[in-house]
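Inspection log for the structure reproduced underneath, given as structure tokens.
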Amino acid sequence: MAKKRKALQSKKSGAAKARPSAELQAVIDDLVIGNRVLYAQDVVDGYGHISARHPHHPDRFLMSRARAPGLVVAADIMEFGLDGELIAADERPIYSERFIHSEVYKARPDVNAVVHSHSPTVVPFSVTQVPLRPIRASFFYPEVPVFDTRAAAGWTNLLISNSALGQALARTLGQNSVALLRGHGNVVVAPNVRMVVYRAIYTEANAKLLLQAKMLGGPITYLAPEEAALMEKSQGRHRPGHGSDRTWEMWKQEALARTGKLR
Amino acid sequence: MAKKRKALQSKKSGAAKARPSAELQAVIDDLVIGNRVLYAQDVVDGYGHISARHPHHPDRFLMSRARAPGLVVAADIMEFGLDGELIAADERPIYSERFIHSEVYKARPDVNAVVHSHSPTVVPFSVTQVPLRPIRASFFYPEVPVFDTRAAAGWTNLLISNSALGQALARTLGQNSVALLRGHGNVVVAPNVRMVVYRAIYTEANAKLLLQAKMLGGPITYLAPEEAALMEKSQGRHRPGHGSDRTWEMWKQEALARTGKLR
Amino acid sequence: MAKKRKALQSKKSGAAKARPSAELQAVIDDLVIGNRVLYAQDVVDGYGHISARHPHHPDRFLMSRARAPGLVVAADIMEFGLDGELIAADERPIYSERFIHSEVYKARPDVNAVVHSHSPTVVPFSVTQVPLRPIRASFFYPEVPVFDTRAAAGWTNLLISNSALGQALARTLGQNSVALLRGHGNVVVAPNVRMVVYRAIYTEANAKLLLQAKMLGGPITYLAPEEAALMEKSQGRHRPGHGSDRTWEMWKQEALARTGKLR
Amino acid sequence: MAKKRKALQSKKSGAAKARPSAELQAVIDDLVIGNRVLYAQDVVDGYGHISARHPHHPDRFLMSRARAPGLVVAADIMEFGLDGELIAADERPIYSERFIHSEVYKARPDVNAVVHSHSPTVVPFSVTQVPLRPIRASFFYPEVPVFDTRAAAGWTNLLISNSALGQALARTLGQNSVALLRGHGNVVVAPNVRMVVYRAIYTEANAKLLLQAKMLGGPITYLAPEEAALMEKSQGRHRPGHGSDRTWEMWKQEALARTGKLR
């Protein structure tokens, strides 16, 4: 027992002593800002979370301890394995729904960032028969499937709080960028943190546009798959000052104004 | 007469001199923050109020003097008996609708906190035939009944300004957590202050979700009673960093930023 | 000519020299705060205006020079006669729609404060056939009529920019508290400034409630005239800490936080 | 090659050394404020842009480098020719959709300011068959046409990123003040910066009004062309303290409060 405790302790202090690489620090910083931005942009409320795959260990991911996203700071960021387990011992509470993240990282080697939110205008699409189709959101192709815990596991409290549910959700997500969780929220994935924050924000925005288009009535001209593919190609190429780069600076400034300086 | 005045005075100065227990102080603090949060979250406007059962005297409850919730401070908190009467003499104005609170505390020994609000997206449900059913709000079971002063007492100014109306409302509320007041607002109850604030906020949120789901049209998948029961069980267990604990820190910070420091 | 200029000058400097009575100062202060509050509450945008009948001269009213309500300060307040004329010479621009106010003061001896706004959720009711009926707004009785410049005067730029149009509007308003101006906004009247601000804010709020009730569909339970009459009676009696008194403190604090200190 | 580099360098340093005329400085200042205002008023998000024709060179226009409008400062403003080319060499990123502006300035000698935005309530009108007609927006006449890149150029990423697309858009805009871009946003034009900001804001406002009027159902009374013509005539005459003059002061103050001081 003593040996085990010692091993855990040295792992924890080891992680504390090792200075993060510049790449790791950049991901941690984006993760912290991403939490604040998602809250300031009203995509997450006190719940919801964002994670990033560890840049040096593809079998680990980084996420805050269980805390409201609007309050997350760098010291909150923890490391998890792909079974949802903590890498270093830590007494602070952790998100019960970390399995949303761990199972996506297992199933999707192309994904390096994940958001789970209760995006308010998205939830109505998760409980009706109206598909969430793209007006402007080019990453909605091939589709935005709906995952229902009821179909996957009967009566639950809706939380994706174990690997089995996480795997079922990841199966529903498939190769898509967004999946809805019935009566609950959504999961959004992307190749990096800034892109996943952008996608989470524009998923909510597209839901608003579609709701209003439905209110106007009549036929709706959706984004064509061909158009979406061309838009995704532009977004994919990193061009400083364009795409998610242009908005990050502004979102960060507004988020820190609303939620307070990072300590 | 002189004896009575002296008795009242000594009761008042007695209350002032006795230092609140840690438990009482915690309830008072939550009550003050709760007022500010409900206002900052746009659940109450300049009206509406929140109360808590006295932790040491189950036949008393604590509530601010008549003041806009966004301005309440600790010195505003007064003590009332379950007939809506002031415990200690006080010349400051008191809420005419304190009977919403007093009669609920009489009828519901399980309830220790009550909110009355004019929650904006909830009121339309109180004047139409569309039941306020749960999309995400697990505490909407068994149901959200609608109380109408017209049925209870004919023509009134809609205010629950006496015991008889308070009792009629409490009868309509029954064992539920939320009841609507036609053309007026709602009452929300819970076992403690943080939970009642959480429920008041998520009642408004669920009303928004349901309104939007109705706008999309077609069948709606509501939360099943079985699912709600499991969610309520999780919420019931106090788990630090989870449930209403996670949001309180953030809500408090935002509320104080919007409404000003507590004096 | 020189005599006239001198007379005007002495009237102006006279007005400047005479110290306002406490009653007049109170009205001016409420007018300035009322401007800020209406803007902070999103009832007026950069346009719209609020006036008060002069407490000592019933044939005059007080209103800001032409300025966005969110910026009005005490030095902006001017005096007008009931033909819309300036009492003292002043080179600063004045509202072209001051005739909304002057003609109401002529027609309604019971009215001492008037708001004209482009209240955003109210305008849709002015261009459709759906009457703006009371869900919570007890001052909507007897009714909320719609005034159309087209019916009154054929093709115009919609502005009530002369006495004739002001009189036509006042005739449509009749004994009501609110009238809509088609495709433009509304006029709201009351016995004092704090009440007219309250009514302007709750006209917008009731419009939102009714719009949402319409979206839910089915029959709507409106406030009964009997209930409204009882509510108006309560509002009429000035009770410190209740009615518009309770909200004024909070609205003023928020308005000054948003629009800046009064200079 | 050396000669060319020297020539470019001297052009750049020349532009830097030459002090802007008072008229040019005024346009640059309005452009910077206009960017901030459009963002603070939620007409543009992190994208969108505003430009002004050079007051001394009708074959040039001024616009920020590629940057979120909420962050633009005077040093960001660049000069472009009507083929969308930079006048002075500059390594900072430029808006790929500058051709929206250049081609409008070519086609419309009466236009001196252009806004491109993703105005949120306007986009639903661009993807449905409901024409964006005027409730209050007098500048919507003759009409608000919809431009679709699909019709003009088949499958694209929707960006107006070359002259050909810019010309096609300008042809659709014709002599109108507003045109919608399907599934994307809109372009708004005017004789000066303050007017184009006003129009962009009130295009969004009118879209909201029309959406709500549609939700109420039944016949809608639109602004008549005769009324609009009279309103436009008033707006056209510059009257200090009226029209867009009245709102500019307030919008500027709010925008700087939200987006930060100009450095």
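First chain written, first letter: the chains are A, B, C and D, and each begins at residue 1.
In the analysis below, a residue touches a chain if its C-beta (ideal position, glycine included) is under 8 Å from a C-beta of that chain, and two chains touch if they have at least 3 such contacts.
Only a predicted model underlies this, so the values are computations on that prediction, with no experimental measurement involved.
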## Note on the structure
In contact with subunit A and subunit D alike are the chains none
#### Entry: Equivalent interface positions on subunit C and subunit D, same or different at half
different
### Task
For subunit C and subunit D, let me know how many angstrom lie between their CA-based centres, rounded off.
34
### Query
Between subunit B and subunit D, what's the gap in Å when you average each chain's C-alpha atoms?
48
### Query
For subunit B, what residues touch not just one other chain but two or more?
215
### Task
Please give all chain pairs that are in touch with each other.
A-B, A-D, B-C, C-D
## Note on the structure
As the complex stands, subunit D meets subunit C at residues 135-136, 205, 208-209, 212-213, 215-224, 226-227, 230-231, 233-234, 239-242, 246-247, 249-251, 253-254
#### Entry: Contacting residues of subunit B [partner subunit C, same complex]
39, 45-47, 65-68, 70-71, 92-93, 96, 118, 120-121, 123-125, 127-130, 148-150, 155-159, 182-184, 211, 214-215, 259-260
